[in-house]
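The following block contains the structure, expressed as structure tokens.
Order of writing sets the chain letters: A, B, C and D. Residues in each chain are counted from 1.
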Amino acid sequence: MTKYLLRRLLGAVPLVLGIATIVFFAVNLAPGDPTLYFLSPGMTQEVVEQTRINFGLDQPVHVRYARWLGAMLTGDFGYSFSHSRPVLDVLADFLPNTLLLSACALGVAFFFGILVGTYQAVRQYSLSDSAFSVVLLFFYSMPSFWLALMLILTLSLFARNVWEWPIWFPASGMTSTEYDFLSFGGQVRDRIAHLVLPTLSLALVLTAGIARYMRGSMLEVIRQDYVRTARAKGLSERVVVFKHALRNALLPIITLVGLYIPVLFGGTVFIETIFAWPGMGRTIVEAINTRDYPLVMAGSFFFASMVVAANLIADVLYAVVDPRIRYE
Amino acid sequence: MKKVLAIAAGSVLAACGGGDSTEVSGDPFCQAVLPRVAAYMEQARSQHPTPSDPRYGGTVVIGSIGEVADGLNSAISADHSSTQHQQFVGLMTLVNYDAQLNAQPYLAESWEISEDGRAITFHIRQDVYWHDGERTDANDVAFTYEVVTDPLTAFPNAAFWDHYVKEPEGVEVIDDFTVRISLEPHSEFLDPFRTLGILPEHLLRDVPHDQLAQHPFGEQCPVGNGPFVFVEHRSQDRWVFEANPAFPAALGGRPFVDRYVYRIIPEQTTLLTELLTENIDVYLAPRPDQAQQILDDPNLELLAYTFRNYVFVGWNSRKPQLSDARVRRAITMATNREEIVQAILLGYGTVANSGVPPFHWAYDDENVPTLAYDPTAARALLDEAGWRDRDGDGVRESADGTRLSFSIKYNTGNQQRQDVAEIMQAQLAQVGIEARPQVVEWATLLQQINTPTLRDFDGVVMGWVTEFKLNDMDLFHSARIDQPYAWVGTHNPEIDRLLEQLSVTVDREEAKEVWREYQAAIVEEQPYTYFYFPDRLDGVNRRVRGAVMDARGEWLNIKDWYIDPASR
Amino acid sequence: MADTMAASTTARARARGGRRLSAFLPGAPQLAAGRWGAGGLALLVWLGCLWVLVARLARVVEALGGSWDERLALATLVAALATVWGWSWWDAGRAEGPRRVGVSQWDLAVRAFSKNRTAVAGLMVIVVLYLIALLTPLLAPHDPALQGDLISERYVGLSGAHPLGTDQFARDVLSRLLYGARISLLIGFVSVGISVTIGTLLGAIAGFMGGILDGIIMRVVDMVISFPQLVLLITIIALFEPSIFLIVAVLGLTLWPGTARIVRGEVLTLREREFVQAATALGYSKRRIILRHLIPNALAPVIVAATLGIGNTIVLEAGLSFLGLGVQPPTPSWGTMVADGRNVLLNAWWLSTFPGLAIVFTVLSFNLVGDGLRDALDPRLRS
Amino acid sequence: MTQHEAAGAAKSAAKSAAKSAASSAATAAANSAAPSAAQSAARSAANSAAQSTEVEPLLAVRDLRAWFLTDQGVAKAVDGISFAVREGETLGIVGESGCGKTVTSLAILGLLPNPPARLMDGSSVSFRGQELVGAEEKRLRALRGNEISMIFQEPMSSLNPVFTVGDQIAETLRLHRRMDRKAAHGEAVRLLDEVGIPEPGRRVDEYPHQLSGGMRQRVMIAMAIACAPKLLIADEPTTALDVTIQAQILELLAELRRAHGMAVMLITHDLGVVAEVCDRVIVMYAGQIVESGTVEDIFVRPAHPYTRGLLASLPSVGTPGRRLASIPGTVPSPLHWPEGCRFRARCPSAGEGCERAQELVALGDGRAARCWRVGT
């Protein structure tokens, strides 16, 4: 198994470097120049030149690429001038927040996707089955930013001011301003309250996708002989479905992890902007607008490596769950 | 089965619960500085217990779409909210302006100007301490002056210090609390000292000036001497400040609120929701069409006041269609700017005829001619200038056939500038002018209009935030035609003369007369079609009391804000 | 023998009656016969086009000499009326007798597809949508860019003059929605067209040729796929000047890897099949085999991917517009309309809601049709 | 090897050799009539002794009707069958595929998926005097795998691929016998040994895909007999296996039956298997029983034309060159059974009187046939 892992990792390195190179040239060949972003009245020409030198932007493209590649291999991702901090510090600030949000969204999506998919498969052709299908497809076809705005409107604003519901959710930020003074229990509740709307906005689209795959996969498995054997052994329907059938139906779902991670990261660009979530997706977009080359490249480098890692984890997970697969 | 559900639910919660991202910045400078600040604050709290007045206590939360881009590092800051945090929150400036824009003592107890007007001597207060216990003295002021006037620092507002003698000769420390700065006599010479936050010399003296921009002091661990002490900054999320118990009693003592939090929320719909659901107390600069919601909510109050930024369309006089001043005047007359103020700003704004803001002492709208909305006069002016619609396609052409058609560029993401371009397109069409709105990405647009050899634009929708010392030299003076901001390429000796005179007239009454002449010349030349001075709007929760906001800024008297004890 | 004779005469009589009915109301006879899908659509299109002809007669006449899109709209109107009437006449005319039941793979697929009610509903919505998009120059009540009186007509709610209200420039939301449909559907259709063609070609070559060529293509596919689509799009579009052509080109060039992977998988399985070996034995050139044999057989999953792709692309375009990088003003697209309306969600709710709903229902229809096609074309599921 | 073992091996070797030549055990039995006929006679004699004291049969199926309600109409897969299985007896159920054999077995254990299947009113399945049709699901579950267990045709797909064989066997023990994990694992190893799997200690923790088809069927059997059930239903247990393995499995079943006194209901379409293993046989056709009796009755004195047709279609070594007689036509669709005798269309001696619905005519001593000619 470890030989397989090594082979996959070695294969991933050129892949991720390739992506970073594409982004490097895409960003550097484009018109516009970062120092202009700092202009304000009275900035003389020498000042402009001075800033360019300060940020090392006066070199030709290929020199900068060679220097950037060399630095990156030694782990130095350069300096982000829109945040005026080393790029790694910026990533250290934002990447965990995106991972936290993505992990919750993925967890919720898979949890409810599998539950709903299984329920639909067990209750095939019933009214609830087709009802779920239509509702799920409705969410699957919705742009996540529109869903996010609607959630804010309803579960945050109307819930509190118009419908006066007992619970309503904060519309932005990771924690409330009183977070530091709350008890541990209070802090967890506060964090979760802040996570509900962004996670829902990201997860609903994925849940719909996963539920559809799960339903198909479950229907396939329920027809198998070993499920009938399990019933013939006298096991209850719940054990048959949730132990014997579910384990086998989950196998194809695992590969979805690799498929959905890029979609998830793409979604964070909107969700983090709308919910003021200090995450990587939003930072990259802002970095692109401010021509913060090092941050854009480092960000896409990490995004790409996380996606490759996710695919690798999905394959390893697949081998763990399905004994028939053995990677040599 | 129950076990399966439990594990799944547990893992989901655990993943959501963990991942705390408050962290003390890893930078060695910060790790050295922050403990000293904490220690001194501990000591200060015991020395200056909170007075029993009920107004003390509580937290005020301000929400805005933008990050405090340069933090408290006044050596590199160009961003409006950064300068305000330096002036009124974390640092101190030598002087402050009162409501009539007259300089008042602040860090400088008093100051005198030499007879020949070539030097100012400031006397520094002796009861102001940095948040790490060091006393603020003249060396800090001298150090800060040297930093901002050294070209190596690339201080964005370097133009402020045009008429001051550069370091090191320009500044002299006489004794611990007295410093003299030499300058050539010019108008509003105190204004730069109102905007410049004084930096701690004992912490930054050995940082090379060209490295200041990348120094962690600004955003990760600023140490100031102002009413609020820096606690924490989570990038793109929030800034947290605490009241500074050691703030001099003579200047009002520690602020009423215990904590001030500044939250960054990029989406304006979310910001409004957070204000309406009382998660934030102040929503900075909501859009005019969100004002109605704030007015309808009993808990909220809408502050609206004229501000010192204005929106305009600059015309590139190098282009054949726009080289003739009559054409530029006709364009302005064909645009119903009053209606635009009503339409886009819902009335929260005043039509502008020049770069002088309404609250400014130089503002005078009685005897300065204005170009009112008058399409027929515009058509006549265009005919007179030789532009007639010869082929009946609805667009005028010059004698040699060039069509009176040009693009109006604006940057992506700015809704108001997009609105201006789109409305002009519709209104200019009625007088036979074809204006094509064209969106350009922000940095690309700057490069196109700032590069002297390029100047790749016809019309561009832009906006300036002026300081109180108005200075159009960089914009219209023909000597500076190759400077980044001389977009419109004006060649007008009359305007050059008036500009030079303005920059050296010290006395305000005398200057008013020159300003009137200058504004008349600008209307004649019409390099810009000045659109409006948008009112600054702020949504404030009624639980926040004592807040005064005007053209000088929103954080003006934040140290005097207090939270209504009942709703804390 | 006798009774079969009688049966056919009554059938012919009924057919003649059917024809007379379809002459006035095409689609009605099929509807009566219970084929609500085809019948319903025909009747809807017929009545819709008639209404356009009558209600917008002035515009129709004016369109004769009008710009290209007005002439295109006119042509579509006439073509729609003709095809519907002709089809209904031919279909009603066919004697009730045993209908020749096609057995080819496509006939089976069509029959399986038409049994799936939601998929047919989705198809109907799409056909109507494309028709509306083409007929917009005649349909739209106002000029989408016409700015009304900024004082009185701004943010006016649903009213007679403006059935879906007005926006911040007092422009008619309904007209902008119709013209927005053209843009969104166009972007969805063209960019998927580009990505599917590139994807199919490269996938087939990679699958059939194998070796280093396959390696290279698959590495590129892995690279583009493992990068969050949206971030790649934003990087490229934000750095150059956003315009419809750039968006379509960039979408087309970044979405093809998905199709390439599907086609390569299909081709790998097809390559082993006998009829391909037979073709190589007959000495066909590699190009001919790929184009004539491999691609047609690999079309089924590609069509499904393309249909789902159009829905996904419309959502992507809306996303770009939300970030201000999509279609630029004053051309309306659904994405820009939702983005413009989001800041006034509370007092002018209709600005974002209607385009948002339009996006959801269009994408929903494409997804429904995509699912229906997947089930109909997938031999395994048709057991 | 114990004496008994040797004999068994010798006998089965001889028989399987003959069988592998032409899979004609019945004819072989008939040709070398003397020994096997005597042997089966001896066995049935023992049974008949038990029969005479009219003890309550282990399993009594009375008028069982299992219909499938599909879009195209009602498929009467099992249309009123009655039979009984006595303690320790091996009952063979024979018939072409599609005649309702498997549906009957699944109906007994209540495993038919509902919808679309339904046990019509009047159907009764009583096991040790206890009615199963309509019984509470909990009661049925306590029975399945405990007192009645079942093995299926496809060993390759009847075991769950993601659990070890040990776990799947232990699961039955821990469910019905409340055994703890370690005890159940130990018992599983013993069971694997009992069903003849070499190195059971290692095999117990292996996954199904690591075992051969024959071994997997042995695991199925081990799983079935884990709780020493009273009745084992085997649905075509050897059809998917090759001939040599088939004989070993049948041998194993016979041995286990003797060791545990377990009744076996063997469902197959292979008459050779029936001849070798079964005590009594019922022949099913088109959802009904057309003939029942002891193995000897069926093979020596077949009463129903369908049974005779089945026997005639068996290739036999003894008579090379004889054209195999196959029964013309195919089994009719359960959606609309033909009127009267359902075999009429394919029956060589069909004639006047066959258009009436046929009753099961008793021929004495448990023997019966559903054909009016039989009575005459």
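Keep this in mind: a residue touches a chain if its C-beta (ideal position, glycine included) is under 8 Å from a C-beta of that chain, and two chains touch if they have at least 3 such contacts.
Worth saying up front: this structure is predicted, and the values here are computed from it rather than measured.
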Closest chain to the centre of mass proxy, which here is the mean CA position: A
Length of the line joining the C-alpha centres of chain A and chain B, rounded to whole Å: 36
Distance from chain C to chain A - Cα centre to Cα centre, in angstrom: 30
Approximate Å spacing (C-alpha centroids) for the pair chain C, chain D: 57
Whole-Å gap separating chain B and chain D, where each centre is the average of the chain's CA atoms: 91
Residues within chain B bordering two or more other chains: 267, 269, 413, 441, 444
For chain A, residues that touch 2 or more chains besides their own: 30-32, 149, 153, 157, 273, 289
Which chain pairs touch, all of them: A-B, A-C, A-D, B-C
Of chain A, residues touching chain C in the complex: 14-15, 18-19, 22-23, 26-27, 30-32, 134, 137-138, 140-146, 149-150, 153, 157, 262-263, 265-267, 269-270, 273, 281, 284-285, 288-289, 296, 299-300, 303-304, 307-308, 311
Sites on chain B touched by chain A in the complex: 1, 4, 8-9, 11-13, 15-19, 21, 23, 25-26, 59, 61, 70, 76, 78, 151-152, 154-160, 162, 210, 213-216, 218-220, 234-238, 240, 259, 261, 263-267, 269-271, 273-274, 276-277, 279, 413, 441-444, 446-447, 450, 464, 466, 471, 474, 482-485
For the chain C and chain B complex, residues of the former touching the latter: 145-147, 150-151, 154-155, 168-169, 238-239, 241-242, 324-325, 328-330, 340, 342-348
Residues of chain A that touch chain D when the two form their complex: 224-226, 228-236, 244, 247-248, 321-324
Parts of chain B lying in touch with chain C, wherever the complex brings them together: 267-269, 272, 287, 289-290, 292-293, 339-340, 342-344, 412-413, 415, 418-419, 422-423, 425-426, 437, 439-441, 444
